[in-house]
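In order of appearance the chains are A, B and C, and numbering begins at 1 in each one.
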Amino acid sequence: MSSHEEAEGRPLVSYRTLDIAVTIFFLIVTAIVMTDSLRLGISWKPNEGPQPGLFPFYIVLAMGIASLINLAQALPHTADGEMAATTVPGLKRMAAIFVPAVIFVLATHYIGIYVSAAVYIGAFMVFFGKFAVWKALAVSLSIAIVNFMMFEVWFLVPLPKGPLEAALGY
Amino acid sequence: MDELNALFGGFAVALSGYHLMFMVIGITLGVIIGVLPGLGGANGVAILLPLTFSMPPTSAIILLTSIYWGALFGGAITSILFNIPGEPWSVATTFDGHPMAQNGKADEALVGAFTASFVGAIFAVCLITFLAPVVAKFALKFGPAEFFAVQFLTFASFIGMGRGSPFKTIASMCLGFALASVGLDGVTGTLRMTFGQDELLNGFKFLVAVIGLFGIGEILCSMEDGLKFNGAAAKLRMDAVIRTWRQLPRMWATFLRSCIVGCWMGITPGGATPASFMGYGIAKRLSKRGDNFGKGELEGVVAPETAAHAAGTSALLPMLTLGIPGSPTAAVLLGGLLIWGLQPGPLLFVEQKDFVWGLIASMYLGNVVGLVMVLTCVPLFAAILRVPFSIIAPAIVFVCAIGAYTVNNTMFDVWMMLVFGVMGYLFNKLRYPLPPLVLALVLGDQAESSFRQAMLVSQGSVGVFWSNWLCGSIMTLGLVMAFWPALQALRAKLSGNAAIARAA
Amino acid sequence: MIRTGVSKTKTIAAALAASACLTSPAWAQRWEPTKPVTLVIPAGTGGGADQMARFIQGVVQKHNLMKQPLIVINKAGGAGAEGFLEMKASAGDPHKITITLSNLFTTPLGTGSPFNWKDMQPVAMLALDQFVLWTNSEKPYKTTKDYIEAVKAGDDRAFKMGGTGSKQEDQIVTAAIEQQTGGKKFTYVPYAGGGQVAVQLVGNHVDSTVNNPIEAVAQWRAGQLRPLCIFDAQRSTYTAKVTEKEAWSDIPTCKEAGLPVEYQMLRGIFTTKNAKPEQVAFYVDLLKKVMATPDWKEFMEKGAFNQTFMSGPDFEKWLTSAEAQHADLMKKAGFLATQ
């Protein structure tokens, strides 16, 4: 979906590099699962059928072989492979939503999901949407409050809450 | 014709203003529940259940099942608009529904999905009305070997349909299986791949992976392309219903196939999620437009939605006649029946005739009321796409986080959602297909359990899968399906004419 | 609990304890929840514990027994370990309670999950859930003796026992039965839930089950299943007819039928570790109110529960001995975690 944007900015990482990185990720998963499968036993017991490790073992064996083939296909330098998978501006835009998302999740541990969501949505609107502060405040607070009413009050689904909710008696 | 008389009696009960009001309330709530990934039908039903104790059982079940219908309808909305499956069974709806929205046809996709849901549900209700006793007996024939055969068939009907590298497909599918095996092994009770981490005891839950891979992954892709959703600028036209309905009659074969697949999967507790995948897979295989699937084909929305609803509806049948719930929501409804003093099981149809037929009548009415309600709201749903991206993007992350959290009520899952989000983005980029991964994740666990249960029963002999006609024929059908692409290629080669092969 | 003998004294002691506890102390009202109370179910939706928890929620709401709402959530992961670990982690929050099943003992023993019932504060035992040996009514086994003789005469592992989960209560009962079958073992087939187990038995995919009464009563009434014996010291006290001919009280105990095995499953309520006495007292009082409702009595009868109420030191004593017995039984059956 993004192979036509080389013109847009400085290329950051090529498809080839990315492809190799992902196959290596697959190979690491293969190694981890195989280790534990061997611990669990991969034989076929006469009265019980397969031991707990049998399926995972052969599944990741297939995965490992497929990944090796993928790696072999990714390694040669080709014109397609050298194309930019993402560009600096592209990555920056992604970071613009993702990094705050990580902070939002981290903040949820401390101040609860509603407060951090309100801050997250509000900040995003102000900094990236160039909305006026009062508009951002109104939208982010109402989203947080509507969700709060929906989950905590009407449907009684408890979500992570922080000191503010505790002060309000929830 | 006893059934018809009983049914008309049921309509007389269900068609009061009081009950219609319950249906409207229930469906509205259900749609909200279906839209938010954090609320499942089970939540809604469980929370309203206590409120219904003071009502007569028939009124109560009408209210609760209406929530169920609403949630089934609502699941499609976020799948189509934002690529976020609100419910597990709407994953397959995203495959073509979201591309349609990106092409500016969100309203058509929504109308198609709602109509398909309605058709699937009504087909299943008819089946319940006239064939309940026969069907209940059929469901009893399913032991572990038969369950595995069904799961195998689901897989077989789905594999081999991806474009792109077959090795990437294999890697992706195996990763799904590997993730599914993490956690407590249901057959021996041992812990697998947890390495002493308590968070991993639960394993990787399907919904968390799906929210991350599809929802967060999609946001990342959209962000990379610029601050917008494709298709947001689509004009809203009020004739979407008529425009879409005109296209539907030519898909009659897909409707029929998906109805049958759905009912079958609902009754043998395979569930709505596998049914939707199987419906999609079969339609892609057999439809003339199968090659366009995945690019925004209306038929690709209709097929999984019809199957999911036929399954979701017929799942109530084993609950009523056998006392086994076909879905988590049905499980909560089952608890409700017990509290109202109704004992689900073989005698319910004999001892509680009024209740059962009132319920069945309400299934017809509830779906009609639901369809009218959601169709009138299509422009409203489609208008959500016009909300500025800088509001909708963080709001989606928020809603996804809620969804991931509520699966197991742990923050660990929210972190996993972010990880899956990055994975979804990378896989998308590098053309690793995601559907095999999610299918493996949802079915892997069950398929492995059924297989090993069957092995316990047969003392380790694989012959058990061909030990009776039912199991044997499903397995054989599965093998045919698995090798279908190869068979097709062979046939094309033999006849030397690819066009003939495709027409078959 | 598993016992291989009759202990009448224990039941009498329990009854005395129950009556002693019914006189609720004056200070019970001093604490009340200040926010919604969460009831954690360490099991999936639709099972016995889930049904009971949701029933309690319904009764509390219907009779307005508590000012704050009662919220029910399922934390079934890792055979319930997830729910218990959550209780352990929120030791300081008295607004959390949990309902237990046998996995309170079997999960830490079988999986090595780091928790113990002592990580929570016991509130009260609500009832003991019974286990019944069921066979398909099409099969020729009219009595326990017929069935056990058939198992003894058959090949090893020829008979299939269906049950819920692995290394949990159903498999423990199966292991206890196997000690009485002359060295012949069952093939134990684990399923995900009790309802499914009963249906598998009706469909003849297994030969017998040890379902709880409530899980199989519908199939019994429809004449599809036959109860052979009940794993309790005494017959059930419910004499109302369930089927056309039989009542729960007509099912012989396994001991009188020649199979000396007893097992009952705890249905109890726990709160978090650091709960103060007045907080525990509030919950004890609340549960007593629940148990006094006609709805509860009806629920008990439908599921043929053994109504034994216990709280305080009696309950803790019971828990200690039950834990020791589970450890012993699981050790004998080889179910202990090897990690």
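In this text, a residue touches a chain if its C-beta (ideal position, glycine included) is under 8 Å from a C-beta of that chain, and two chains touch if they have at least 3 such contacts.
Just so it is clear, the structure is predicted and the values come from calculations on it, not from any experiment.
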By C-alpha centroid distance to the whole-protein centroid, which chain wins? B
Based on mean C-alpha positions, I'd like to know which chain lies farthest from chain B. C
Calculate how many whole Å lie between the centre of chain A and the centre of chain B, each centre taken as the average of the chain's C-alpha atoms. 23
CA centroids of chain B and chain C: separation to the nearest Å works out as 34
Any idea how many Å lie between the Cα centroids of chain A and chain C? 41
Multi-partner residues in chain C (2 or more other chains touched) are 73, 157, 187
Counting only residues that touch at least two other chains, what does the list for chain B look like? 185, 187-188, 190, 409, 456, 459
Where chain A touches two or more other chains at once, by residue number: 47, 156-158
In the complex with chain A, residue positions of chain B that touch it: 32-33, 36, 38-39, 43-44, 47, 165, 167-168, 170-171, 174-175, 177-178, 181, 185, 187-188, 190, 192-193, 195, 216, 219-221, 223-227, 388-391, 393-395, 397-399, 401-402, 405-406, 409, 411, 414-415, 418, 421-422, 425-430, 432, 448, 451-452, 454-456, 458-460
Once bound in the complex, which stretches of chain A touch chain B? 1-2, 5, 15, 18-19, 22-23, 26, 29, 32-33, 36-37, 40, 44-53, 55-56, 59-60, 62-63, 66-67, 69-70, 73, 85-86, 90-91, 93-94, 96-98, 100-102, 104-105, 108-109, 113, 117, 120-121, 124-125, 128-131, 139, 143, 147, 150-151, 154-160
Chain C residues touching chain B - in the complex, by the definition given at the top: 44-46, 50-51, 54-55, 57-58, 61-62, 72-73, 75, 77-79, 81-82, 85-86, 110-114, 157, 160, 165-168, 187-193, 195-196, 198-200, 202-203, 205-206, 214, 217-219, 221-222, 224, 295, 298-299, 302, 335, 339
Write out the stretch or stretches of chain B touching chain C in their complex. 42, 46, 49-51, 53-54, 139-144, 183-191, 196, 198, 201-203, 269, 318, 322-325, 328, 331-332, 334-335, 338-339, 341, 343-348, 408-410, 449, 453, 456-457, 459
Can you name the residues of chain A that touch chain C in the complex? 47, 156-158, 169-170
